[in-house]
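You will see two complexes here that share subunit A, one where it goes with subunit B and one where it goes with subunit C.
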Partner chain A sequence: MRESGALKLLTDTWRGRFGVAVILVAVFVSIFGTLIAPYEPEASSLDVLQPPSLDHWLGTTESGADVFSQLLVGTRVSVLVGFAAAIISAVLGSMVGIASGYFGGWTDRILDALENWFLVIPTLPLMIVLARLLDPSLIVLIAVIGFTSWAGTGRIVRAQVLTLRERSFVERARALGAGDGYIIRTHILPNTLPLIFASTVLIIAVAILSEAALAFLGLGDPTRISWGTMLQNAFDSGAPSAGAWWYVIPPGLCITLLVLAVSLLGFLYEEYINPRLRRES
Partner chain B sequence: MSDGVKTTAVDPSAGEDLMAVEDLSVHFRQRRKVARALDGVSLEWRRGEVLGVVGESGCGKSTLARAMLGLQETAGGEVTLHGNEATGKKGLAELRRRIQMIFQDPYQTLNPRQRVRAIVTEPLIVQNVDRSEHTERVRRALGDVGMDPDRFLDRYPHQLSGGQRQRVAIAAALVLEPEGLICDEPVSMLDASVRSQILAVLLELQQRRNLALIFITHDLSLAWSLCDRIAVMYLGRIVEQGTAVDVIESPKHPYTQALVTAVPVPTAKGREDRELLKGELPDSTRVPAGCRFNPRCPRRFEPCDKVDPTLIDVGTSGHKAACLLYDPAAAEGGAPAPGYSDTSGEPG
Partner chain C sequence: MSARWLTGKVAAAILTLVFVVIFNFFLFRVMGDPTTQLARLPQSTPDEIEKLKADYGLDKPLLGQFADNVGDTVRGDLGISQKSRQPVVDEILDALPWTLLLVGTGTLIATLLGSWMGVIAATRRGQKTDDAMLGFSMFTYASPEYWIGIILILVFAVWIPILPSGLQVTPGVEFSSWLAEAADVAEHLILPATAMTLMLLGQYFLIMRSSMVDVLTEDFITVKRATGQRWDRVVRKHAVPNALLPLVTLSAIQFGAVVGGAITIETIFSWPGLGELTFQAINDKDFPVLQGTFLIFSFGVILANLLADILYFYLDPRVQTK
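So, the complex of A and B:
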């Protein structure tokens, strides 16, 4: 019953359809991109910076590689980094936020200080420093983005848990002799999920953008093509000033579309999980 | 029932007590000050009895309920269930099986993400009741509070009215078949029409199952109509207790007298002997020296700001009040009662 309600929201609204379509395509391409790419993504040729043609749908790069193929192959890194980093961030943020809000006292004070520290430190410079210190690789990228972006989620979750902790249904469960684990699982977490999800959605977006930014600055995984490294190469080779829009716009547009799709699904999810936002049928 | 002042731990009536609290104190630390939410409360709750706890907001009624259920850290005193201490792992487990609580706000008392089925089943899960009994007991509990299980089991709280929510909360409290139910202002947030229905449900259950009730309320006439016995609280202490008839019809403590006269009566003239209380309930971080009611008391006299009165017999069948008017020995002797005095507690 719950599942059909969720499906209905996804299939009956344009936001749901758009979000699902973009994400399905992105996930499909990130899995099979290497197989459907018409050219070897890094194969150089003599057709340097050619505009779109029948041979090269999105033109070619400064080294004569096919932009369309790079775009398809690069999807994997953006999707992987975006989702994996957001999951790390959501898990960290909700664990810290719940522990901090639920247990209070010294636990709260220490975790809160940690949270403040991460909130105050500018994230991008921190990411750059961390990514520079560690050898750039996909795992490092995911870890760096995940570990630097959980503080906002932690703060939101903590605030929600502070109010939930005082509700009488939590008190009632305590009066029944329920343990902390049970109360967190059945009363705190379900009432915090929409917030966790909503902020995780934003973090997916931030993570995709951060990956692009780090790659753009040359801190991405050098062995893999991503939308960010495509932009980096484009700018390094002076493609924008050469008028090679086909090299700049596709990766930028892909980043934007994916971020938009993820956000729309996030809002729909919130509507679904919060019964009050749901329309009575 | 014992009429004498309780002096020893072994009370002859202990066998009849469902629960008893002895000299219970709860302190809240607020920066450097300490709020004495409960300040030496002793009370017996007998089996099958409807006990009213009345008093103004902030007098410690809810804190008493929470402390009795072990939800509140206490600064001193003892809570017993059937004469056994209700603390520690074992004592608390026993307490939580036998005593349940329902809360004031029907909009906060149910988890918005749980269906009625899950809400009423929760106590059975927490108390490890055998799974095969769940459905049957949940349906019976809902039936007991006048809700059709088939219609309501799959609803969410937001699909219920305030009265229905409170019924669900009562059903969830009853599903473990407790011996006692502590009701913290269970109807104060409901409409008048729904209010009487909920009260009827509670009283019917009380009679049918010999369920003991504690009824926390600020509504004196409600307490009078429902309760067997009443305890009146003021600023973290019980100032008067006795049968409902004694306390309401012949109140002894000036505070109770003021509360009783403040109850509106439906006559054209109203009351002539009406003496309304002046001032406000003091902050519980600054409990007045001597009798804690003395700054507002219309009948205060010489020793009232020096001697802290204790509960003494003022009538038959356990009618007690904590007032120096009835305790000439303490008033004259000027012996400081063993209470607290925060600011200038020198004996006179």
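So, the complex of A and C:
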């Protein structure tokens, strides 16, 4: 009953359909992008900054490479960094949140202070500093974004665990002699997972935007094309003042569509687990 | 009661700041090897590196270095830029007013426009205006602010060349009066401030809208309506002031995003603020400057959070009785 309700939300609302469609396309392109790209994405040619044509559907870059091919190949970095960083963030956030809420006392005080600190510190400057110190690569980007974005999840998980801890089924298990590990595995975690999932979906969106921003500022993986590095190259080569809309609009639009799709699914899932949020329409 | 609450908040803010200083030191000294940062020429001899270490106090034990660093930071000495050889503090102080001008203008317009749109949408819930505003704010929420900035350049500086695409003032112009100069700066401010506004607008709008929707269903609104007052008067006099409260908290939470936006938007428009300074430091691997801007950004966000807490305390009497 509940499961079919979740599916109905995905298939019966335009938000669900749009989100699922965009994400399916993005995942497909990130796997097969290198195969379907009509050109070698970094092959330079003499056709520099050419507008869209039958040969180059989205025109060419400042080095004469095919914009459409770069766009297809660049999908992989956004999808990979988005999902991987969100998973790191979810694991960190739920570990800290559960430990903090379940054990209480000094553990809670210290972890809560840590959480507050990460919530207050401006994220992009922190990411910039870390990425610059470590010299950017795909792994570094994933780690840096995951490491700086877990605090929100931690906060939500902690609040949920605080109420779960006092519930009768947990007290019953404890009275029967169940250990902390067992209680966390069988009672706390399963009842926290929906919240962890909801906040993780929204972090995917944040991670995609963060990767793009870092890449745009010159802190992307220098060996890989991503939508952020495309925007950086376009901007550095003066594509905006040359009026090369075909070069600057598509990467940003792809970022926007993917972030929008992920966010809409995230909000939809939040409404699903918390029906009070549901719109009347 | 209220004094104790205030002291607690201030103490927490100071503690957060102390952690920033500690974190900043260990991040840059322990994770990045300072000697490789200092010896920028690869052919530096070991002797030269030893001399550099002594000059910068890096031959001392780590704890001694830490004490030096904290002392310097408190005195306002943030080191020397490796690129320009100027004190980092001077570079930051030169850049700060420009960032404040951009961030202030953007935040102000976004707050006014966002709350106005929120009221309109909440009172016309489910109608076309509401849907259009929701769609628009979702789109600006999802799109990178620097991309919006590039599109603004494309449209208003290239296709319809009516506005400058970058810098804060027309270079090489002698202005006849300060008024003429201010007008020139204002003209340069339009595009970056618009990008900043569009970045923030969606969030302000969504918060104001949902806050208004909540307030409008409360009993006192029904009572006011029952007294026969005109609807738009009830909205203006009773609903809006109450719905504005969450916006105060949001402004502070948003300040972290504002800082991020300042970095990318200033980069796009060559706006000579702290963000542009950060961008240059990234490219030049100028670690003292990067460390300084990180410190000042964190300081700004912590201060903004504290101010919002205090403001909220005075605006919402319910917090004071808790």
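To be clear about the criterion, the second predicted complex is superposed on the first by the 250 of 281 C-alpha atoms of A that agree within 3 Å, B and C clash if a C-alpha of one lies under 4 Å from a C-alpha of the other, contacts with A are read in each partner's own complex, and residues count from 1 in each chain.
The definition used in the following text is that a residue touches a chain if its C-beta (ideal position, glycine included) is under 8 Å from a C-beta of that chain, and two chains touch if they have at least 3 such contacts.
Keep in mind the model is a prediction, meaning the values are calculated, not measured.
S.K.: Following the overlay on subunit A, give me a clash-or-fit verdict for subunit B and subunit C.
M.R.: fit
S.K.: Have a look at where A:176 lands relative to subunit B and subunit C in the superposition and call it first, second, both or neither.
M.R.: After superposition on chain A, A:176 lies in contact with subunit B alone.
S.K.: Looking only at contacts as defined up top, I'd like to know whether subunit B or subunit C touches more of subunit A.
M.R.: C
S.K.: In the overlaid three-chain picture, which partner chain does A:240 touch, first (subunit B) or second (subunit C), both, or neither?
M.R.: second
S.K.: With the two structures laid over each other on chain A, which partner does A:259 touch: subunit B (first), subunit C (second), both, or neither?
M.R.: A:259 contacts subunit C only, not subunit B.
S.K.: Should A:216 be classified as contacting the first partner (subunit B), the second (subunit C), both, or neither?
M.R.: Only subunit C; A:216 stays clear of subunit B.
S.K.: Counting only touches as set out at the top, which of subunit B and subunit C does A:124 meet: first, second, both, neither?
M.R.: In the superposition, A:124 contacts subunit C only.
S.K.: With both complexes placed on chain A, how many Å separate the closest C-alpha atoms of subunit B and subunit C?
M.R.: When the complexes share the chain A frame, the smallest subunit B-subunit C C-alpha distance is 16 Å.
S.K.: Quick one: which bits of subunit B touch subunit A in the complex? Just the residue numbers, please.
M.R.: Against subunit A, subunit B makes touches at 66, 69, 71, 92-93, 96-97, 100-101, 103-105, 108-114, 122-123, 126-127, 156, 158, 169, 172, 176.
S.K.: Would you tell me which residues of subunit A are touching subunit B in their complex?
M.R.: It comes out as residues 167-169, 171-178, 182, 186-187, 190-191, 275-276.
S.K.: Can you list the subunit C residues touching subunit A in their complex?
M.R.: Listed in rising order, the residues are 12, 16, 19-20, 27-28, 31-32, 126, 138-139, 141-144, 146-148, 150-151, 153-154, 157-159, 165, 255-256, 259-260, 263-264, 267-268, 278-279, 282-283, 285, 287, 290-291, 293-294, 297-298, 300-302, 305.
S.K.: Which subunit A residues qualify as touching subunit C in the complex?
M.R.: Touching subunit C: residues 116-117, 120-126, 128-130, 132-134, 205, 209, 212-213, 216-219, 231, 234-235, 240-243, 245, 248-249, 251-252, 255-257, 259-260, 263-264, 280-281 of subunit A.
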